[in-house]
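Several structures are given next for inspection.
Next come two complexes built around subunit A: one with subunit B, the other with subunit C.
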Partner chain A sequence: MRLTRVRLDQTDGTLRQPGRPRLLDGEAIAGTGVFLMLAALPAVAGGYPVYILPQYMLFGMLALSLGLLWGFVGVVSFGQAAFFALGAYTMGLAMQQTASPINPAYLGLAASLALGGALAGVIGYFLFSAGVRGAYFVIVTLALSIIVEQLAVSQSQITGGWNGMFIDRMSLTFGPLGEVSLYDDAPIYYVVLAVVAATFALLKWLSRATFGKLLVGIRENEDRLIALGVRTALYKTSAFALSGAIACLAGAFYGTHANFVAPSLAGVLFSTEVVVWVAIGGRGYLLGAFLGGVLVASLANYLSAIIPRYWQLALGVIFVLVIVFLKGGIAGAIAKLLAPRRRSPAR
Partner chain B sequence: MMTAVSVAIDAVSITLILALAAFGLAIIFGLIGVINLGHGAMLTLGAYFTWATTAAGVPFLLAVVIAALGVGLIGLVLEHLVIRHFYDQPFETLLLTWGFFLISTEVIKIVFGTDFRNVTNPLPLAFHLGPVSVPAYRTAVAGFSLLLIGAAAFVLYRTTLGIKIRALIQNREMASLLGLDIGRTYKLVFATGALVAGLAGALISPMLSVDPYIGNIYLVRSFFVVTVGGLGELLGGTLIGAFFIGGAETIIALVSTQAFAQTIVFALAIVVLRFRPQGILGGR
Partner chain C sequence: MTEILRTEQLTKRFQGLLANDGIDFALASGELRCVIGPNGAGKTTFISMISGHLPATAGSIWYRGERITELPVTARVRRGIVRKFQTPSVFDNLTVQENVELGVLASARRARDVRARIARVLELVRLEEAAETLAVNLSHGQRQWLEIGLLLANNAELLLLDEPTAGMTVEETAATGALVRQLIGELDVAAIIIEHDINFIRSLRAPITVLHLGRVLVEGSFDEIERNQEVREVYLGAE
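This part shows the complex of A and B:
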């Protein structure tokens, strides 16, 4: 498929003239700014923010994994937390293999990437190849969340059941060159930041490549793409597998950072929190999804200390208001504000 | 032999109770295509209304009626304020009803607290079939479930209202051109679905401890009941789906744990949906 002549705008699906190809679009520039700010943060603030921010960044990465599905394929998974928890448990089990000749943390990260990708790939292919769409996919992923949570509870000899599982902080080893312990908060902050920024860059690049354009095409009109000879099930499966791998990897880092994983991390409630983050941040915008995850999770942490009984209610109300009045979320609203100025010379 | 009889009785009563729990969803999802993720919240609300009114001294049957009407009213308000603007965007209704779940769960926590609540069983007796004892209340609810599904069948296939609803499902534009008030019929169906969900929550409440998340268990099960049975197959579909989900769970739970049985059944339901996305009874 050659889709290079036309650019599909992600927000409204309108076709734009090719014009000169830009190396970076607005979202990539804004994203670079956000990650540079995050990189500078430990220099100006220490202590708690440096400890806690990597966890929120990993939530942001989890949100990115859903943003990829929702924004580009138009499919929502209510089971992203299942992959996240799976990654954390995998990391925990790997870190227990202290006798391993290879760094157990590397084993854990590789295993969680592979496991997340494989599981999502199998489920995705199983469903998408039969033409299961939209609502059914939501229900199946919701069930996936329940299944993983129940397995985590019931297989207590492996997972520790309700008590959860302790996970050590990982360290980076460079063969004969030595080792960097990530026990302290600052080193792991930068490792997590690098991983999250790389994920963002990868997804951003994919979204501008033919792969991303085909996904948008599937979202806008799957039947037409089938008629054009595109094997849409394969593309949707790849997107879901990538999304599962990203969520699982984020979970693995989260486990080693938080030192702990419990079954509730797989639960339906956490899964749907991810949906809320992305909806508020802005479906269809990778940066919106990421910032939705980071900001809503930090806000939740802050507000749950002040108004523990009401913040979740407030979040629910905001969620409904966003869907009714602000379909593109906050990122969509910002893009709309900027859009007329950008387009006026062309018309 | 004795176990076989008691398992059979169990499977039948579980099937019928699950059918009751799923019926409100079968109405809303099956008839007007709203993917109601607030279904679980509606069940929970029905259970809490029953707990609150019986605790205030209202007799059980009256409490059930109040709970059902209360949830029906909430459904009506929800439809009027939000859902009716989104009938042509099924995916948005899915998100909006999920938002309803989030809000209603938090309101329940604030108003009723998070402790487990118990509704007194109004029929604490059991009757005995030989050596097998059958709890009376479960049987009564199972019987009522059959009655309700029968009544819905009557309305749908033997009344003018039923013809209107079926016309609406078959061809919305044509039904509208022929003078059917689409908005009102949708509103009626949605409110009825909410009312039935509230009724189910109220009737189920004495059988378990009520907490703000009881509806969650039933939400996913209800969806599988409706989709495995066949979307829009209001009567047979609901019963067959409920038998598949509830019956299988009962039988598998005999040889393993409850949690494992549920996992297996969910996995089975996913497989069924993969090979028959239209459900067991669904045509097309």
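This part shows the complex of A and C:
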């Protein structure tokens, strides 16, 4: 062991040690509250909200996948919709395997996770190892969206082309213990809620672990972190792979919930919407990204019904206003209001 | 003292410019060495090749008996060679404590005693009172110390300090001198310091290597260097 480490380890106990991290921070507590409210919702509001909210929650999960990348690593991806659509198509193809001895829905979910993680891992490895950063990464991910959309159109014998693909609702099977059908809205609502909440909890935990702290270090000053011996390309690749797996899994659930997937789900327009959700919600906060996905998608749906010709314009104006006046998004503004002021510099 | 670093005929050429021309250099474990010379002498190029930020055109670098000439930056850091840049490079939007924590985590992902090590480093670099301050709000001198703290947290064995007192007040420079002497004395790290501040160099009372036009002009104590006619002509006399 190096002498430096030995000496740095020595402390006589009289030093003022940095504060012990709390088990739950404000965002985790707020997130718990949000998910509890979502869990209580079917008891007070049935019908359309219970039908449509799982889709918005899955958009929120998709936004979480970008929140991990953009908020923690500082890398913007315009390819999240491509992973989302790939997950939905994978689920659709799996659900057609009715002769499978294993529940085809389980096959679809596992294949989506594996496909999203592997594809993003391979792309990330080559890009990040080659030192691709900033706008160049954005362009590659944008191209990914276009490629997946074009593949979905051109491989119409598999995907249904522009007509899209029908996907049946999944059910949960427990071997000899029986089966839970998710054909009704309430059961799938709770399954989606559980998956999204678990994803939020996983990412929240990771953000507080060494992995998350080093990702933040990459965002803040990658060159400094490299000079401290961290192979940042590996961390960025891991984050992108995790992000791709989450987006793909969200797409798989979306496909089986919406019963349909079409090429536009992978398109540049939808990819851009995901970026808008996260920017408005607050890219530095997982809960901001999630709520951005849920609320902005809901708002877009509402606006498209009342002003069908101008809803995208209205959304664009909101986006610009948030970028100009609330650089950290809505969550960032709330956090700024609630957070204690950092101490003035001790000089 | 055992030799920790050796360069043999270390050369760096940038197209037509010969920045380092066959530098032979040796550093002992726990030794502090100052590298001085006029602007363009090749000082920063020299430590950039040692840290791995620049590839050598020719020659070799040996660290604890191992040839490291072709190793990437990260591999050299894992062996204990860490570098402070001319302009302080820290994590501006994180607190001082979070900065040092990254230094610890970068060297030991599963360190159990992170908090104790952070506290020790903050004490060493005299930033305990600023632990909760954002790095961007620190004074220039404090940012320089914070960067040194990052290196210490990172298990440094050989510190490469590029102008650690640049932009500092007289008081901060004096405190930095005391800090460097303390680090060498207490932690048994070796260090190469590039500096232009002759008073700071004098205060360190360390052996000096003078570079000129990419070559080692002379090596010796401060008094020997000060008396050297060639050094007076190319560097000291010019001041």
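Here is the rule we use: the second predicted complex is superposed on the first by the 322 of 347 C-alpha atoms of A that agree within 3 Å, B and C clash if a C-alpha of one lies under 4 Å from a C-alpha of the other, contacts with A are read in each partner's own complex, and residues count from 1 in each chain.
Basically, contacts are C-beta pairs under 8 Å (C-beta built on N, C-alpha and C of every residue); 3 or more make two chains touch, one makes a residue touch a chain.
Computed from a predicted structure; not experimentally measured.
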item	value
Partner chain(s) touched by A:131 [first = subunit B, second = subunit C, both, neither]	first
Touched partner set for A:213, first subunit B, second subunit C, both or neither	second
Which superposed partner A:309 touches (first subunit B, second subunit C, both, neither)	first
Overlap of subunit C and subunit B interfaces on subunit A (superposed complexes)	none
Subunit A residues within the subunit B interface of the complex	76, 126-127, 130-132, 134-136, 138-140, 142-143, 146-147, 150-151, 153-154, 268, 272, 275-276, 279, 309-310, 312-313, 315-317, 319-320, 323-324, 327
Interfacial residue positions of subunit A with respect to subunit C in the complex	2-5, 7-11, 15-18, 20, 210, 213-214, 216-217, 220-221, 223-231, 342-347
Complex contact set, residues of subunit C against subunit A	51, 53, 73-74, 77-78, 80, 82-83, 85, 89-95, 97-98, 101-103, 105-107, 109-110, 113, 115-123, 128-134, 137-139, 142, 150-157, 186-189
Touch list for subunit B against partner subunit A, complex	35, 37, 82, 85, 90-92, 94-96, 98-100, 102-103, 105-107, 109-110, 216, 219-220, 223-224, 227, 257, 259-260, 262-263, 266-267, 269-270, 273-275, 277
